[in-house]
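Both of the next two complexes hold chain A, though its partner changes from chain B to chain C.
So, the complex of A and B:
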């Protein structure tokens, strides 16, 4: 962390930014102080008029009284003094010239007030107050302008009109220096304070700039990380798609072999029976019983092929955009079993299908549900491959609003340590190349899109997966599907 | 021919009952005695207590598949010919089936006439089998090889390997297709000069290297010249070759 802040201290980028912040803050102070003086000028003008009215409202020449000259001076000269700085405050606040003119005018206001109060020494305190207020600018040069005005004013009036400034008639040529001396005395501290607070202001600006830089760095880092994450995510998506594709191809290869067997066997039966019938016919009238039996075999076996082809057709496409339809559970399960019976047979695993109530129907995308069941059956089959006792049981239960399809195999359950993981994508316990680990997570997605649940039943002594699907979908779901 | 087949015992192994029934009917009509088994293990159980002359078996079956059955029979009684029925995909390729000692391989749906002929042929002695065929083969391909010695790389870069029913010939370039008729004349020049000459049919063909096996083809002998017939019979009987047609 210290290394990093050291870096920031030496960064020209941050210095530059700090300068900018500083200039902006300083300009704000200048404008604010300009406005303060604008108000103060008006107040002082009115105060001056007030003073004039209190101290010497009227001048007497015998019985003739008239408004004292001081009142007119307060009104007119005061207005003349404050009008220019006021215009500047309105027209161009924050400008260097504005604050110097204000300093100049403020000191003239002091001079006027001193004059109006008949050179009272107490009024001279206005000068010190004004200097302190001018220090608000945090610009020591303004103090120099003001001090110069005070010195020149005191010098000039002290020489030629001492009553106006000191309230005495005698000229004291060096008295202005005494006054100027006190001003300089105050200036020293005010200038020091100005320089100090400017430095502090700059430090604050620098800190802000550094903070901004740190924030920017953090944001940049976050942006980079986010984009990296997005890339990773994209790559993962691509990988996932590819894996899904390769899983599909592997499954397809295995299926192709199964289907070839499944179709070529009945074809062989049909072909053979038809050939024998033909030969019998060629040889003369055959015994009727045999002919009927063989023809029936041909018929039934052809139907078997047609069933396989039907189940194939339903698996050969994506089903995620299929509409939800009310389908007998029995049909879905029978179609699915037709599709994997062969694989079970060649693995010598017993597939036990408990009776399914004829009337049981669910509203679903039947191909997807079929895919889920097929996936569970295949997992079960793979899991039992090395077991001495090999069976898989598929049972269906009506739970009122829900239908529960359970796939149980002769395995002794999923080990505790992997239970939480089995539904995650890419988790697999199958040997390399055999499983992509997508089956269960994809199945879970499908079941959830049906507002159902895919559950691993821990209670069962054997490995048992439950698919619970609602019998009907919400109207919203239907709309979405439509 | 049917006269000599009367009473020959054939074991039909398939998990499809209808198919077994069909084949039994076919062979019974020709005078064979037929027995059926629904699986490899059931077939082996039957063989343990009964003797048969020929076995026709499916490959993909629960409870002991055809490959297992083929290996078991070949290990115990190599003289029993076995005709294998496959469904065309993945389980076992034809080259492998021949390599394991299958007499003939048929893809379902089966040409019954060919199956019957192959079973009948499998029951012949080598001498009978390779005597001049009644039906001449359409020879589409001629293989003329001059080899230093059986089974070894030769000047032409070719290798042959003899099986009980045919020969594997390694070939570069043009490989004959499956089921093509070929005539061949393979001359071994070193050692005892010998020549195998005759016609055959290509049972499988491998156009490029696969699983470390060189390109070439498996040829089943249909007939052999009288001199080469005697040579081949002598070689296969003394060498203990198991394969019908070696893989490579």
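So, the complex of A and C:
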């Protein structure tokens, strides 16, 4: 962090930006102070008129009175003094010339007020107050202009009208320095204050520039990281799709034997019946009833084979872009069981399917849901292979807005040490070459794409996986539409 | 800034500078232009209503009760009295010209002067006493020594209506404390005590009016 700060400190880019911020802030201060003096000038003008009206409203000559010259001076000369700075405040706010003219005018206002209040010593503080106000500009040169006006005023009047300033007709040539010296005394502190203020303002600007640079760097880093993440995400999606496909193909491979068996049995039935028909035909006139019965048997068995092949074709194709359709849960489960019933039978594992209500329906991609159920059933079958008691139970439950499909086997649950990893990709407890380690993770992805959950039920005494799927996908559709 | 705008600003600046410089010059000139000086008798005038203390110098100040410029003169008299209270008898003559109502002279200046310890404020009906001392400008100070001899005549402000150090005040203070006078006259700043059309009641005294 400190090395970073050091880099920023010496960065020309940040210095350049800091200079810009500083110039902008300084310009704001100048404009604001110009406006302040604009208002102050007007106020002082009115105040001067008020002073003249109170202190010297009328001049007398014996019994004759007329408006005192001070009143006219307050109105006319006062207006003349403030007019040009006010014009500049409106026309050229923030410009160097404007604030120097204001400084010049402010000192003239001081002189005018001193006159109008009868040269009261108290009014001389207006000069010092004005200098302090001029320091608001944070521009020490303005103070020099104002002080020069005071010095020149005292010098000039000391030369030509010494009595008006010093009260005596003859003064020492250096006398004006005594008066100007007190102004300089104040100037020293005000100039120091101006320089310090400007330095602080620049430091603030520099810090702001550095902060902006840090923010820009962070934003750039975020942009790069986001881009990298997007690429990674895309790669992951591709990989996940391939994994899903691999898992499905693996499942298909595993099914192949069972399906072959599933088809072999009906084929044997067909073959047997066809042979009997042939024999009966060779013998002469077969009984019509028997022929019809055998033909029906052949037809029903062929239909069964056709159904299995149809399901297999459906299962084997890409399903991720299928539309969501409202399908009876019973249909999905029965179609899935078609793929594995024979395998369960050949492995002497009892497959128990609890009754499924006809009315229970879910909006889903049925092929994908079927893939999940098949995967869970296959896993359950494999897990019970070495157990003395081998059974797998499939049950469903209506949870209101959700349907729960539970696959329970006779195993005693997943060991605690691998529970956290059981749903991770490429994690498998099966022996090498038997499992890809993708089945559960792909199933989890499918269930989640249905806004559902795949849960390992820790509460069950047996190994039990729960698939919870919403009955409808309306909220997801609305979200996509939005 | 465009050339046109710059020219406009330059033109305005020039006009402004001329107007302001001229105005300030006129104001200063007005401030330092003295009024008509007095021509007081060289000895204390017999028959004067003003009080003259035995063994003390006597100061007479003539004031127009409504002259705003004389406020500074009375203020300076106040300053003077803080150092010369027991060394000086002071009379401030407030003129009430002919035809002016009673109490016309009781202005804030009167109150101010009367409040100064050791100062005697006097109503100068028809300005008889003022003319006796031949004062023509409000704020005129005339100082006689203990023997009744004129020692100083002038003003005690540095400019019209301005308080502060002045040659007149310094001279009187020097006389009171050191016994000598650096100057015997000084310029006086204030309103004319008599109007432009007011004829001098005593022509022999060379009465003139300052405008």
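A few remarks follow.
The working rule: the second predicted complex is superposed on the first by the 271 of 482 C-alpha atoms of A that agree within 3 Å, B and C clash if a C-alpha of one lies under 4 Å from a C-alpha of the other, contacts with A are read in each partner's own complex, and residues count from 1 in each chain.
By definition in this document, contacts are C-beta pairs under 8 Å (C-beta built on N, C-alpha and C of every residue); 3 or more make two chains touch, one makes a residue touch a chain.
Predicted, not measured: the structure shown is a model, and the values here were computed from it.
Of the two partner chains placed around the shared chain by superposition, chain C is the only one that A:161 touches, whereas chain B remains out of contact.
Applying the stated contact rule after C-alpha superposition, one finds that A:273 touches chain B and leaves chain C untouched.
Applying the stated contact rule after C-alpha superposition, one finds that A:283 touches neither chain B nor chain C.
Counting residues of chain A touched by each partner, chain B versus chain C, the larger count belongs to C. Using the contact criterion defined above for the overlaid structures, shared-chain residue A:346 touches chain B, although it does not reach chain C.
Those residues of chain B lying in contact with chain A across their complex are 15-16, 18-19, 22-23, 25-26, 60-63, 65, 85, 87-91, 107-110, 112. Chain A makes touch with chain C in their complex at residues 55-65, 68-70, 73, 76-77, 80-81, 83-84, 87-88, 91-92, 95, 97, 101, 105, 108, 111-112, 115, 118-121, 157, 161, 163-169. Contact residues of chain A toward chain B in the complex are 253, 256-257, 260-261, 264-265, 267-273, 275-276, 297, 301, 345-348. Within the complex formed with chain A, the chain C residues making contact are 1, 5, 9, 12-13, 16, 19-20, 23-24, 26-28, 30-32, 64, 66-69, 71-72, 97, 99-100, 138, 158-159, 161-167, 169-170, 187, 191-196, 198, 209, 211.
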